[in-house]
Amino acid sequence: MTSENNQSSEISANCEQVGRFWQNPRVEQLLLPHDLACSQAHVQMLGEQGIIDKQVAKTVIDGLQTILTEVKNGKSPLKSDDQDIHAGVERRLAELIGEASQVMNLAKSRNDQIATDIRLWLRDSTVEIFEHLLSVRQSLLELAQRDLSISMPGYTHMQPAVPILLSHWWLANEARLRRDTERLLDFYGRLNTLPLGASALAGTTQPIDRKLVASYLGFADVIENSLDAVADRDYLIEFGSFAALVGIHLSQMSSDLLLWATQEFAFVKLPRAFGLRSLNMPQKRNPELLEILRSRPSQLFGRLNEFCSELKGLPFAFSQDLQECLPGLIDMVDTLKFLLELTGKLLPALRFDAERMKEAASQDLTNAANAVDYLVERDTPTSKAAKIVESVVQYCKERNKDLSDLALSEWQHFSAAFDNEIYEHLTIEGSVSARSSFGGTSLEQVSAALKRAEEFLQHDRQRLPSKFANRLLEKQIDNTQKEKQTKS
Amino acid sequence: MTSENNQSSEISANCEQVGRFWQNPRVEQLLLPHDLACSQAHVQMLGEQGIIDKQVAKTVIDGLQTILTEVKNGKSPLKSDDQDIHAGVERRLAELIGEASQVMNLAKSRNDQIATDIRLWLRDSTVEIFEHLLSVRQSLLELAQRDLSISMPGYTHMQPAVPILLSHWWLANEARLRRDTERLLDFYGRLNTLPLGASALAGTTQPIDRKLVASYLGFADVIENSLDAVADRDYLIEFGSFAALVGIHLSQMSSDLLLWATQEFAFVKLPRAFGLRSLNMPQKRNPELLEILRSRPSQLFGRLNEFCSELKGLPFAFSQDLQECLPGLIDMVDTLKFLLELTGKLLPALRFDAERMKEAASQDLTNAANAVDYLVERDTPTSKAAKIVESVVQYCKERNKDLSDLALSEWQHFSAAFDNEIYEHLTIEGSVSARSSFGGTSLEQVSAALKRAEEFLQHDRQRLPSKFANRLLEKQIDNTQKEKQTKS
Amino acid sequence: MTSENNQSSEISANCEQVGRFWQNPRVEQLLLPHDLACSQAHVQMLGEQGIIDKQVAKTVIDGLQTILTEVKNGKSPLKSDDQDIHAGVERRLAELIGEASQVMNLAKSRNDQIATDIRLWLRDSTVEIFEHLLSVRQSLLELAQRDLSISMPGYTHMQPAVPILLSHWWLANEARLRRDTERLLDFYGRLNTLPLGASALAGTTQPIDRKLVASYLGFADVIENSLDAVADRDYLIEFGSFAALVGIHLSQMSSDLLLWATQEFAFVKLPRAFGLRSLNMPQKRNPELLEILRSRPSQLFGRLNEFCSELKGLPFAFSQDLQECLPGLIDMVDTLKFLLELTGKLLPALRFDAERMKEAASQDLTNAANAVDYLVERDTPTSKAAKIVESVVQYCKERNKDLSDLALSEWQHFSAAFDNEIYEHLTIEGSVSARSSFGGTSLEQVSAALKRAEEFLQHDRQRLPSKFANRLLEKQIDNTQKEKQTKS
Amino acid sequence: MTSENNQSSEISANCEQVGRFWQNPRVEQLLLPHDLACSQAHVQMLGEQGIIDKQVAKTVIDGLQTILTEVKNGKSPLKSDDQDIHAGVERRLAELIGEASQVMNLAKSRNDQIATDIRLWLRDSTVEIFEHLLSVRQSLLELAQRDLSISMPGYTHMQPAVPILLSHWWLANEARLRRDTERLLDFYGRLNTLPLGASALAGTTQPIDRKLVASYLGFADVIENSLDAVADRDYLIEFGSFAALVGIHLSQMSSDLLLWATQEFAFVKLPRAFGLRSLNMPQKRNPELLEILRSRPSQLFGRLNEFCSELKGLPFAFSQDLQECLPGLIDMVDTLKFLLELTGKLLPALRFDAERMKEAASQDLTNAANAVDYLVERDTPTSKAAKIVESVVQYCKERNKDLSDLALSEWQHFSAAFDNEIYEHLTIEGSVSARSSFGGTSLEQVSAALKRAEEFLQHDRQRLPSKFANRLLEKQIDNTQKEKQTKS
């Protein structure tokens, strides 16, 4: 026996990470308030249901509130030899209120409590991410409003294709984050369900009321099946893929900006405050922050992959493997919040060179597509029109000319269908304004799209509840009781 | 020039995979019908809008219908030197109807068309997967109904914890797939939007009506922003993570079954028809099919990972990289359908040994938890109750007895709180039926849960539209026109 | 019983993929010749050891040779109801030579045979990839030789930093693939060991000689421990990460080339034969093949991820899960060979614009770094030098000048340390040739590096054995016997 | 300008993670000593080469030594507004020795220095991991020695197949880690090369001696090509896949142990000190630590995936993306060391139940394979022998007998080839000892294998250099100079 204990202390001495992740100060700090709220709601219900004496319930809830206050004042109840967060709370509570503390464990286990704690924390994190998403979308719409007069080349395969408005590009990025907002809301709905009451895995013999606890804690529903409730970590994959997708969107946006920030494109500059200076190369301004936006989403992919592999083939229902995901999940939330915050600060600080962008859209024969359109509108079959314009382009290249430099007679040499109107088609303004199909890049379309996007954003602001601050527990309990009285 | 052409043919001769994936027969076979439908709907709209002559539109649509019929009869329009699927269709159409075929390319590009083709195909695949999900859920509910009388140990950490009903386990698995069904429906809503009309990336100069095309093709809406429309591959991540999650659920279920199929557990046997015989070890019956269910989901994770990495940091809007995902997506759909189909066939064929399962639930002191509950219900504080029962357990182990073997006097030696009722608590039946909290494992709760699950399943059956069979295009057009007339 | 059989045929009818992967024609085609060689070597050893009659051994080996000939003539021995590849060979062999065929299974199991088959196939694939690697390295060195006179900007953070030679860039890419060649050789050494003789998992009761079989099949050694031998799939991860790394190297190289192929950089063009034409945008030349090189490596990462997840937490020793990796492994080999082949064809076809590259290296103040060096060499502290040159750069920008445009008096306005030598430092040629530290970009260093690289390549050509063609089995057996005789 | 600065401070105030990862205290703590050593070696070389005055060199080196001492005493030189680790050191050095500090930046850039720092740190980490690997292998061999007398079932597909010795299983696990040791050594060889001297990317104009710096810092060679030198992060993938493979091996080992720790198998118990107690279920002993060993390797896979995605498609040569990998790499090293340490402590503490294991090997007809062998040795064709024994097995099952319970007459009812010797074949001892082919499970083979493994381990102990402690720099410089003098 003694030798066993020695080994034990040796392990805790040497393997500091043993994966009692709750001894990770960051995990502890994040989960503790939620753990306390969870216990308070549970004990309140035990009292309401007559499973324990109401006065005992009040004593316990007050004791937990004392610990919560201690936590908020930076004093953790945990000691290094507490087995886990729950054990630490229990020990501290017993110090405060004596044996009455024991009722806290009635009809509840570590398995359903930790599952509840994580959901409480992730629910608040989701709200914060929702707010960040709205804020970035707001920035994007403001930029779209600001840049309605800037035209630039639209690219496919990194090759200039047809001119677009810069605002159109901002709105495309906003549209992607709008879809991500939808996903987050769908996710929130599935997350916002209560596992507590499943006990270890099979339910409990006590006449608990799980829906009452759900209402105290602001959950929309309970996870019914008790096995499912303690084992469900679906949110790891669902949140993980949401985060990965946001990361992809930010990464693609920054990839375009990095391209435009090259000296060769020279469409955009980062202000001095957003770059590191290169000591030996004073002419350089390095876009490190954009590179971070491009690169760091890979960490989100890695975590998503980790979760898949951790969950694959696990025996049902609860095992330590389910706890192993937690540091990764916290890391994911941190990373995503950082990326969104950085995006929100960085984008408005960028300086665009409107002249240069317009020039790039004009040169380089990007308006050849317009000449094809011109012919097609005048009933030349598409493939024939393409061949004609290809010859014109070849003719220009050999003479180092732009299409707009050609005389009408030169045009008509290639096709009799050309007349003076062709020149209108060749201006950037003409080209952009002509693309007025729904969702196209014409100023009229982009302005209408911007207006709709602003309305959507207004609408989305209404759609997620505020964070469930712990201090609200009391109010929730009041509300629940009032509702009950109203019904009866 | 000649040398270039030589190199070109050398490439096509030697690098057969050059990633002209449309020369992959499986991709071609899957996308072609959708590509034809897409062009038909587009041309019909061009006629309706007066962009082309209605009679020309009819000629083109009929020509495309002829090609569709050829395809259905196994005759592909594609030749090896066609640049891609669109070029092949165009060439064949020109053979059939001459120069009129050219109008097909008006106000449409490869970029928005391929984006539409993939969504049309994936939409139908989603419906098929929806049907498979419902079918597996149906099987699980039937098994839950069948096995209401089988009790077994419930496990945490692979250690027996408290007895449960096998039906409770079946229902837990069904509950997970029910959530997956919700996810699929959310996904379907976002998938079911039309990119066509974005043209190359910026919209078109023609007065097209995108919503009309959407209605022809059964899309609920259009993807508004033209840059976004050609570049949006969000469905890769969203479908990929849905598939990964289903895979995790099936993998965990099969992992339990593999454990139970060991000779040491001996809870379940695969029928002979579902195992390979081992030549040199005739006593063995290997559960290969369960192993496939456990293992193959990893392929889904790998694909999801591939998609993340492919999309990360891509310049906006269209590039070949977006095409590279297609073989992986098709593979994912195939794998998921296979896994669900295999599950649906395998589960009902398993043979459970009810006696053995009950025996395992009885022995091994799994009912110690019940003795703790007994004391707690009689006001012993939890930690004290746990210590008492731990002593009883130790006492039993030393004497190689089960708890139910102890005389009342032996019980009372440990705590005066024990009386004859303790024996009821120690039976499996007593233990199971006592866990009657909402979502618990008591027969009453499980039966009620089963009833609710059946109602949910009935409800879900109503929720997804049927596959958009190509032959329905004509009917859709009719409907759309009728609606218009009604409105006007 | 009957109902079981019905279910069985239903499964094979409906679940066509049941994962009897050997019914995958491509897997079958790849493994069959190796399976036959494996059996031949085994039976030859059985005869040599006196475990079976030598004449019987000869009959079996000849029968297997007949099947091999049939396979080479395109006639597979497998029928759809053969349980696996081994069963099919056995059945066909029995048809050819009757009951003698049975000895083939003596002291051998499916588990060690399939493990051997895969290694035999992967060993040959490794040799092919080795040859592809050498060939791409050869191309890179030829390009480095060709482009010794082309100077260009060297970039960090996609911003021009200091001028380099294009040859220096080619050599950097070759250096990476040289390291990959080292890795492949290390890998080959670990792959080239024989599992056969482990039988199902525990060895055999027969007096077999595993090293004799190894020598017949050209393996350098046997995998000793029998449990390890049937379960070792380490090569999945080791080969997978090798492939991922090659993919990363090709992807990064093509990413630079894609940047240089933009109209804004305009350093490089793909010849017409290597791009697809855009119908509506005749001015465009899209670099799809480079995009494939950038993107497709993601498939390698996905497979590596799949393998990790498949192998994680598997019970020891053999299970079906180990077979599930095979299609992914074959896919990986195909993809890697394709990528290397494409690289080898594409690189020499690219057209570089030396004038444009030199111009880019000159302008844009990339030689500010040289001015700093100039001052530091004349004992100005680095940070002070940097500040001085920063002021000069600012002065130039405001006047829209290059550094080389400044008069000496203007230079001396900023620091008295400047004299006429500064102008030499500002030429591209001066800048490049000055960087003559070991491994630097000066012509002298690059030429020397090229020479060393060519010698390395020559050396590497000697380092991997040729493919183990199946027809060589007979010769190997002869050699082994000669060696034995020589020794005795 | 002012507004820019405001934004800047806002960013540093709000985006605390801005990815100036060197402000991550753990990264700072790990890299700082190596950064200082790197600078010392560089400056020493500058003095030796006459690029700077030797006395100045000494002053700088002494100043850096002072900082190193401060760091070792827990006083970091970094302040929150230092741009990075290099800037902080430079500032502190200037405080100590004034303007002479500037020479430190001569012929060196951030790019090649950070690349060198990481390699110095990872090289030491590799040595630590090597030591952990040797220690776990040592434990495994001691356990193999201890358990030579314990027989148990060998499993395939989690089904008992043939009896083996537990020692054979320990040795299989050791064999895997032996291969991993080989991989680590191969990796170390490639890691142990010096990037310094590449400067920003193109080499330097100063007459530096890179090989001299390499010898000071204990590197075996330099990375020649300067572009390659600053960009090479191949070690991320190579170390990552090494770590993943070790993780897979530990995960599979723990997966077997978890199975054996179930009450149904009951082969092994964790001592009390290694498990958490379950409050409400006092009978339970949960194997959390084994679950951590099974699960946590997924974090290694996730990081490997992250690295692949981060590196894919990066433009050459240096960018911030390359810095983003560092926290992940440190995490990987921590995790791997933890997993190996935990394994080394946990394995010797496990308690095996030899009786139970032997019993399991006897029952359950695992020796049917022996009966097949028996017949085959007596010239019954394998498939016929298998059919005969299958009938015997069926006969036993129906009568609830073991094979050893059958009378000889019953055996002979199935085949005349059976005589009394069959009973010897059916004992565990007979079965195990019969499998005496090379690498098989017989005591003789296992003992010989154990002896060889011990010799290998002894050999491996000699193969890696000790850690390059920073204090050795002085000695290295001495040695290098002595060598030089000897040569001249």
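First chain written, first letter: the chains are A, B, C and D, and each begins at residue 1.
Just so it is clear, a residue touches a chain if its C-beta (ideal position, glycine included) is under 8 Å from a C-beta of that chain, and two chains touch if they have at least 3 such contacts.
None of these values were measured; they are calculated from a predicted model.
Peer 1: Go through the assembly and pull out the chains touching chain B as well as chain C.
Peer 2: Neighbours common to chain B and chain C are A, D.
Peer 1: For the interfaces A-C and A-B, which has the higher count of C-beta pairs in contact?
Peer 2: Higher C-beta contact count between the two pairs: A-B.
Peer 1: In whole angstrom, how far does the Cα centroid of chain A sit from the Cα centroid of chain C?
Peer 2: The separation of the two C-alpha centroids amounts to 36 Å.
Peer 1: What is the distance in Å between the mean C-alpha positions of chain A and chain D?
Peer 2: So the centre of chain A lies 34 Å away from the centre of chain D.
Peer 1: Can you work out the whole-Å distance between the CA centroids of chain A and chain B?
Peer 2: Distance between chain centres: 24 Å.
Peer 1: Residues of chain C touching 2+ other chains?
Peer 2: 105, 156-158, 161-162, 199-200, 259, 278-281, 286, 288, 291, 294-295, 298, 301, 304-305, 308-309, 312-313, 319-320, 369, 373, 382-383
Peer 1: Would you mind writing out the residues of chain B in touch with chain C in their complex?
Peer 2: 4-5, 7-8, 10-11, 14-15, 17-19, 83-84, 105, 109-110, 199-200, 271-274, 276-281, 286, 288-289, 291-292, 294-296, 298-299, 301-307, 309-310, 319-321, 324, 328, 334, 338, 341-342, 345, 349
Peer 1: Of all residues in chain A, which touch chain B in the complex?
Peer 2: Result: residues 99, 102-103, 105-107, 111, 154-158, 161-164, 168-169, 171-172, 175-176, 179, 182-183, 186, 190, 197-211, 222-232, 234, 237-238, 240-241, 244-245, 247-248, 251-256, 259, 294-295, 297-298, 301, 304-305, 308-309, 311-320, 369, 373, 376-377, 381-384, 434-442, 445, 449, 452 of chain A touch chain B.
Peer 1: Report the residues of chain C in contact with chain A in the complex, numbered from low to high.
Peer 2: So the residues of chain C in touch with chain A come to 156-162, 258-259, 261-265, 278-288, 291, 305, 308-309, 312-313, 360, 364-366, 368-369, 372-373, 382-383, 386-387, 389-390, 393.
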